[in-house]
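Take a look at the following structure, please.
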Amino acid sequence: MKERVFKDPVHDFIYVYDKVILDLIDSKEMQRLRRIKQLGISYLTYHGAEHSRFSHSLGTYEVMRRILDKLSRKGELPLSEEDKLLCKVTALLHDCGHGPFSHSLESVFGGSHEQWSKDIILGDTEINQILAGISSDFPKKVAEVIDGKYHNKLVVSLISSQIDADRMDYLLRDSKATGVTYGQFDLDRIIRVMEINDGSILFRTAGMHSIESYVLARYSMYWQVYFHPTTRSGEIILKKIFKRARILCQQGFDFYLPLCLRNILTDNSRVKDYLKLDDAFMFTVFQYWSHSSDDILADLSSRILNRRLFKRIECGITDEIYEELVILFNRLGINPDYYLVLDHPSHISYDYYQPEDEHSKNPIYLEDKQGKINELSQLSDPVRAIAGKKQVMYNLYYPRDMILSGQGEIYDKIKNLLSISK
Amino acid sequence: MKERVFKDPVHDFIYVYDKVILDLIDSKEMQRLRRIKQLGISYLTYHGAEHSRFSHSLGTYEVMRRILDKLSRKGELPLSEEDKLLCKVTALLHDCGHGPFSHSLESVFGGSHEQWSKDIILGDTEINQILAGISSDFPKKVAEVIDGKYHNKLVVSLISSQIDADRMDYLLRDSKATGVTYGQFDLDRIIRVMEINDGSILFRTAGMHSIESYVLARYSMYWQVYFHPTTRSGEIILKKIFKRARILCQQGFDFYLPLCLRNILTDNSRVKDYLKLDDAFMFTVFQYWSHSSDDILADLSSRILNRRLFKRIECGITDEIYEELVILFNRLGINPDYYLVLDHPSHISYDYYQPEDEHSKNPIYLEDKQGKINELSQLSDPVRAIAGKKQVMYNLYYPRDMILSGQGEIYDKIKNLLSISK
Amino acid sequence: MKERVFKDPVHDFIYVYDKVILDLIDSKEMQRLRRIKQLGISYLTYHGAEHSRFSHSLGTYEVMRRILDKLSRKGELPLSEEDKLLCKVTALLHDCGHGPFSHSLESVFGGSHEQWSKDIILGDTEINQILAGISSDFPKKVAEVIDGKYHNKLVVSLISSQIDADRMDYLLRDSKATGVTYGQFDLDRIIRVMEINDGSILFRTAGMHSIESYVLARYSMYWQVYFHPTTRSGEIILKKIFKRARILCQQGFDFYLPLCLRNILTDNSRVKDYLKLDDAFMFTVFQYWSHSSDDILADLSSRILNRRLFKRIECGITDEIYEELVILFNRLGINPDYYLVLDHPSHISYDYYQPEDEHSKNPIYLEDKQGKINELSQLSDPVRAIAGKKQVMYNLYYPRDMILSGQGEIYDKIKNLLSISK
Amino acid sequence: MKERVFKDPVHDFIYVYDKVILDLIDSKEMQRLRRIKQLGISYLTYHGAEHSRFSHSLGTYEVMRRILDKLSRKGELPLSEEDKLLCKVTALLHDCGHGPFSHSLESVFGGSHEQWSKDIILGDTEINQILAGISSDFPKKVAEVIDGKYHNKLVVSLISSQIDADRMDYLLRDSKATGVTYGQFDLDRIIRVMEINDGSILFRTAGMHSIESYVLARYSMYWQVYFHPTTRSGEIILKKIFKRARILCQQGFDFYLPLCLRNILTDNSRVKDYLKLDDAFMFTVFQYWSHSSDDILADLSSRILNRRLFKRIECGITDEIYEELVILFNRLGINPDYYLVLDHPSHISYDYYQPEDEHSKNPIYLEDKQGKINELSQLSDPVRAIAGKKQVMYNLYYPRDMILSGQGEIYDKIKNLLSISK
């Protein structure tokens, strides 16, 4: 096949040399990712964050291609041609199971995005057909790599580790799209100091500072972008919409509910239904719901469409105060199940770097000139400072507009408890 | 009001100092622009082109703010405070009337986007309420500026001329998003050499090359991005979808057609309906339509969703060949009204610079140190070379997949005429 | 005065509004800084590091101007017009006393660069004349600000603190010139969150991560650029050249020694002589010296000109080994005073951030919404991890070329001790 | 040899795989280029233009390496390994014969820089030794390539044509260093559309706009940077200094004149002398000369050191006025041979693109999908507009400071003729 390129704002060009990669990009399941934003609802905070999972998937493929190219050129890559293709294919497909609003709603759709990715790869899809064209067990192999169970652990490590193609692409891409410069690091240099040692990925100590800089970029992006309180507010509202819709569905309430979505909400989800869902579809649903006769569903849906988000109280809300607020909200007929939300982002795994964590069995190792191998946080003071720490944030989200516009004693009490005034 | 900022990938920060600007940004009509891509269907060509009209609207406002700031600091701006606010407000709102896929479908929705902008500004909308809060005739003034009929012609020129805030923002933004570097130019320098002379905008000759560079950037972007044949292919399919839907609607065909869209297609469009339309809504409609029992509507809709575009034959198709192809297509049952499309982008106004054009009454003037005023194309060889030229392209678009997969004499004849082979 | 601008690769444009600033830029003492590289000998490591003190001085002025502009616009700057001018002037002039190769040779020229700056400002110079034209005591005030003794401590803090115009400019400029991306941070955001509280500089806690990112940028630049072992090697050779020249001068050795340099080496340095010295002058002197009849002076000078640097042994050299090497070098006639150099960069003050240090009386303080003030390292894990730490490096530098080319028992012993082989 | 890299601000990294390339970089003749600025005296206009010929030489090598790499990967490069090495070596060495201030003084030093390059490559130098180590006739081959006389014309074309590694590097590098954005173009894309057809370089028509954009970048850089009037003023003064020095030397005047420079000025130049000259050396000489007892030499030298440049009158100076000025200047004792300079930059070859020019035997050809070959200016309107045009500028340079400070009738007449007033 002749070289094909895609112009890319992050990597300048994305190079494709395999017909199968091109076919996968053209598959309808991958094209669907064009309609799913990479950062879910984050664009309500950073208006530039409008890039899609599709762009990120191409980027992940390209970073993987460069890694393989670099290691091959140095003659260091103990992988068969099939395993190399497996790496590139999996890099491209790893996110094909994402649903609307990416991570923001992952919990709602009955399964992790990795599970959905595997279902799509193994199911009755164009992707499956293309992969089966390589060899009948290729789809299974891709699924195994995603699962981390593929027999060649080097392939697994290349796809998913502390410094993998996925993370390197999303940090650079999200940083560029939002305009937040802290996510930038030196991709070329990291690839240059990457080595394979006994089937595992290592980095030369000479590149220690570029890797340190990558870990710190991740740390910064978490706090500046991924956990941004405004984004969290949008995510909370999204989840509450689905909580409400699920209850209404269970109650047999009559409202706009396309079959594919009904199947998902009643846990009869099938790949075919799931693939119909994307951000566009959900926005249309929200538009219908914003005219629903259920006030809560209508209000929350309209909040997402028109960016009327909940406000945040940063700290100092004791359990007593919270309980008192619940009572007051109830007395006003503002359902606290939907409108008074405690959020502890500490529950989210802080994955900017945790050498000892269950999930990340792949600490970052560096090899010095003498062949001595050290784990990154042993060498870097700032990395050690943030490694594995769980920073706890306590936030309370509520609809300030509703409270501010209200009059009377109860409203005054709430305003007082929340220390807000016009 | 305290200064408010928005992080922006193009201008770094967007600064807001007026409460009314903030309120307009928060209005639901402006928030709707987040769901309309700035470059319509271009993201099928340049996957990075995923930015919205909303981002561009903020950017246009910011460029205008900087222009006003610069001219005010030099004490050169003969505008009242109200007229300055009018400039900023109009810069922000100028695109609020865009419909799904921006320019790509503008002709379909019964009116130019400028007309819709005015209808929204003067209609029963949040935007109208906010503007009326400034003064009762403020909405009318904004509409007049958009129309070019406002009494103070300097305000009109600032909003719409050969080098205005709108164009400067979209060139920089589209260039950055696509990754096509040719759209870059030196915004700061252009603003620096801008002057007001006798109520008109002039530029100091010292900045001639930066302005030349801006015109050439526009020229490059037209041919590299805006008229890209792949994008044209997508736009053609979009238009054919609507052509089909309109006919089906007239015929009383039974298909998914939400009321707001039905009203538009039957020319009963009202602002209220129009505001429900956005890219997300249309993608959902296309998903329904891709399962329609009308084959043409189903096929074309699925083509947009899954990016199976028409291919292009670049030249050399004579009228005779075209007529022969029409006959052959008809014999195969492939309706040439939808599947055999001649495209002459020369019909599109080549607005990278036309000093004498009817539409652009504002040629670019430069003033030298001696006070002599020259029109740009008199001073610049490369600008003169492209000014006002209509470069004609003749392209034929057709579904190569359908033809390639076919067997038999007629198919062979078509393949022969189109000089294609597997 | 009309606005004047300078195109700058870091800040895009540098804006000058004061005639006195323009005159100072045009003074011959400032123009001399064009012939002194900002990073001394670093360009032997990073070939892009060819920028001058002059560029950095303009940049420092511009950052100061933006800080003052920002604080003034917010109405927060309790400074008289004269004190504002003092800030801008001192920002521009703060480095006018730098000698050849900037910091690399500072110890050689009889006084810190700050001392020389003051001597130039107070001496018989064009700078002094221009400053005296403002008011007779203005030169003295500038010198006092450089000394940190000016009565208005806010002026002193603006010029010199943990986050000042000087440091922000050099990090960005050095990072851009070397191509090392780690020195980048968000200058605009830091200026935006800067506040004056009770005559001191504070930062709003909202901007904590941008400041954290600045401190980490500094940390990275120290280890990646400023302390780079190749650069250290060049600096060691530079110092040894001067050590040798001084001894030869004392011994009455006959060699090329222009009067201005002789005066410096015999501690009769005067401003007039000092101002004749710049990188260009020293390179010419080195060219003469490279043909000197003193072998050591000739060899070391030629090493700098032709980049034949000493090599480094990273660690593990015990005192015994060092002593043995001294003996062996002596036996070979390779003078260990010049050719066997232990280097402990820990002696250099690690100024990326030391809240408790004598020298840096200005820790970074942040103020949260409730008005509570915290020191940065209390809030930031990674900053705390690096704050005030002295990381010790032990390196041995020697001329590997000399050793490798030698034959015989002694050479073999040395090679063995240094574990080197062809 | 193991891969070696150099961090580069333009190309990010420069990759070296050949020991001979590394040795050449380390040669003293190449290290000398670190002390010669790429843009001569341009840094007096754009203070960022402080980069050296050395950086540009590395960059030219790297662009050549990428071109060869790209063509080799596509299997399109009909070159032996030796010819490939020849390309890389010549790219690196092509500018080794530049003297102080690069092009600004080229005419002064008795021979073009290409001639000096060949003399260095064939003479008694480290470069010659390294090249002879490849094969005894390798130095001759390199010289032949520089001369354009090497038998394999493809090698010659790769080194020197309208779009070669040299030009692509300097446009990008000069643009980045000055901060003038107009010199940017899409290097990767141009390399991607490059092809070898029948031993000649062609470009695919698909890349026409990227090449158009490169030609326009060159056009812009000429007028914005290379011919900038302030830079021309500096160059004029430099040349007048040497004119004066040469006369003084012929007259036997007693002044500081190092032997190597005396040899050059008396046309006894030898490679050995020439290699001692660099910017640093000349600045030191200028410092001595600024204290010379010859007023003209002293004044002009001090002007360059302290940036007191001549001012420019842009147009309208007739022969009569010029003659009158000469008389008046003479009457004031201001020697018009040095202080009244007419400058016609039209004499400089406008090499942004001249398809028919003697010197540039290599017009740019593009090949379309049908295999038809067109010359660039046939396809591109803006390129045709500027191709081969000689734009004539008439400027008069003179020392405004001298005239403004003067009193009396003659001065008034001059001021009047030059239309200047305080």
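The letters A, B, C and D name the chains in turn, as written, and every chain counts its residues from 1.
Note that a residue touches a chain if its C-beta (ideal position, glycine included) is under 8 Å from a C-beta of that chain, and two chains touch if they have at least 3 such contacts.
Listed by chain with UniProt protein names: A, B, C, D = HD domain-containing protein.
Fair warning: this is a prediction, and the values are worked out from it, not measured in the lab.
By residue number, the contact pairs of B-C overlap by more than half with those of exactly one pair in B-D, A-D or A-B, and this pair is A-D.
Remark: among chain pairs A-C and A-D, A-C carries the greater number of C-beta contacts. If you average the Cα atoms of chain C (HD domain-containing protein) and of chain D (HD domain-containing protein), the two centres end up 32 Å apart. Chain A (HD domain-containing protein) and chain C (HD domain-containing protein) have CA centres that are 43 Å apart. Averaged C-alpha coordinates give centres for chain A (HD domain-containing protein) and chain D (HD domain-containing protein) that are 51 Å from one another. Contacts with at least two other chains are made by residues 12 of chain A (HD domain-containing protein).
By the touch rule above, chain C (HD domain-containing protein) contacts chain D (HD domain-containing protein) in their complex via residues 6-9, 12, 26, 28, 31-32, 34-35, 43, 46-48, 50-52, 54-55, 58, 176-180, 276, 278-281, 283-285, 287, 305-308.
Against chain D (HD domain-containing protein), in their complex, chain B (HD domain-containing protein) makes its touches with residues 181-182, 184-186, 209-210, 212-213, 216, 219-220, 223-224, 314, 381-386, 389, 391.
Residues 3, 5, 12-13, 74, 188-189, 192 of chain D (HD domain-containing protein) are the ones touching chain A (HD domain-containing protein) in the complex.
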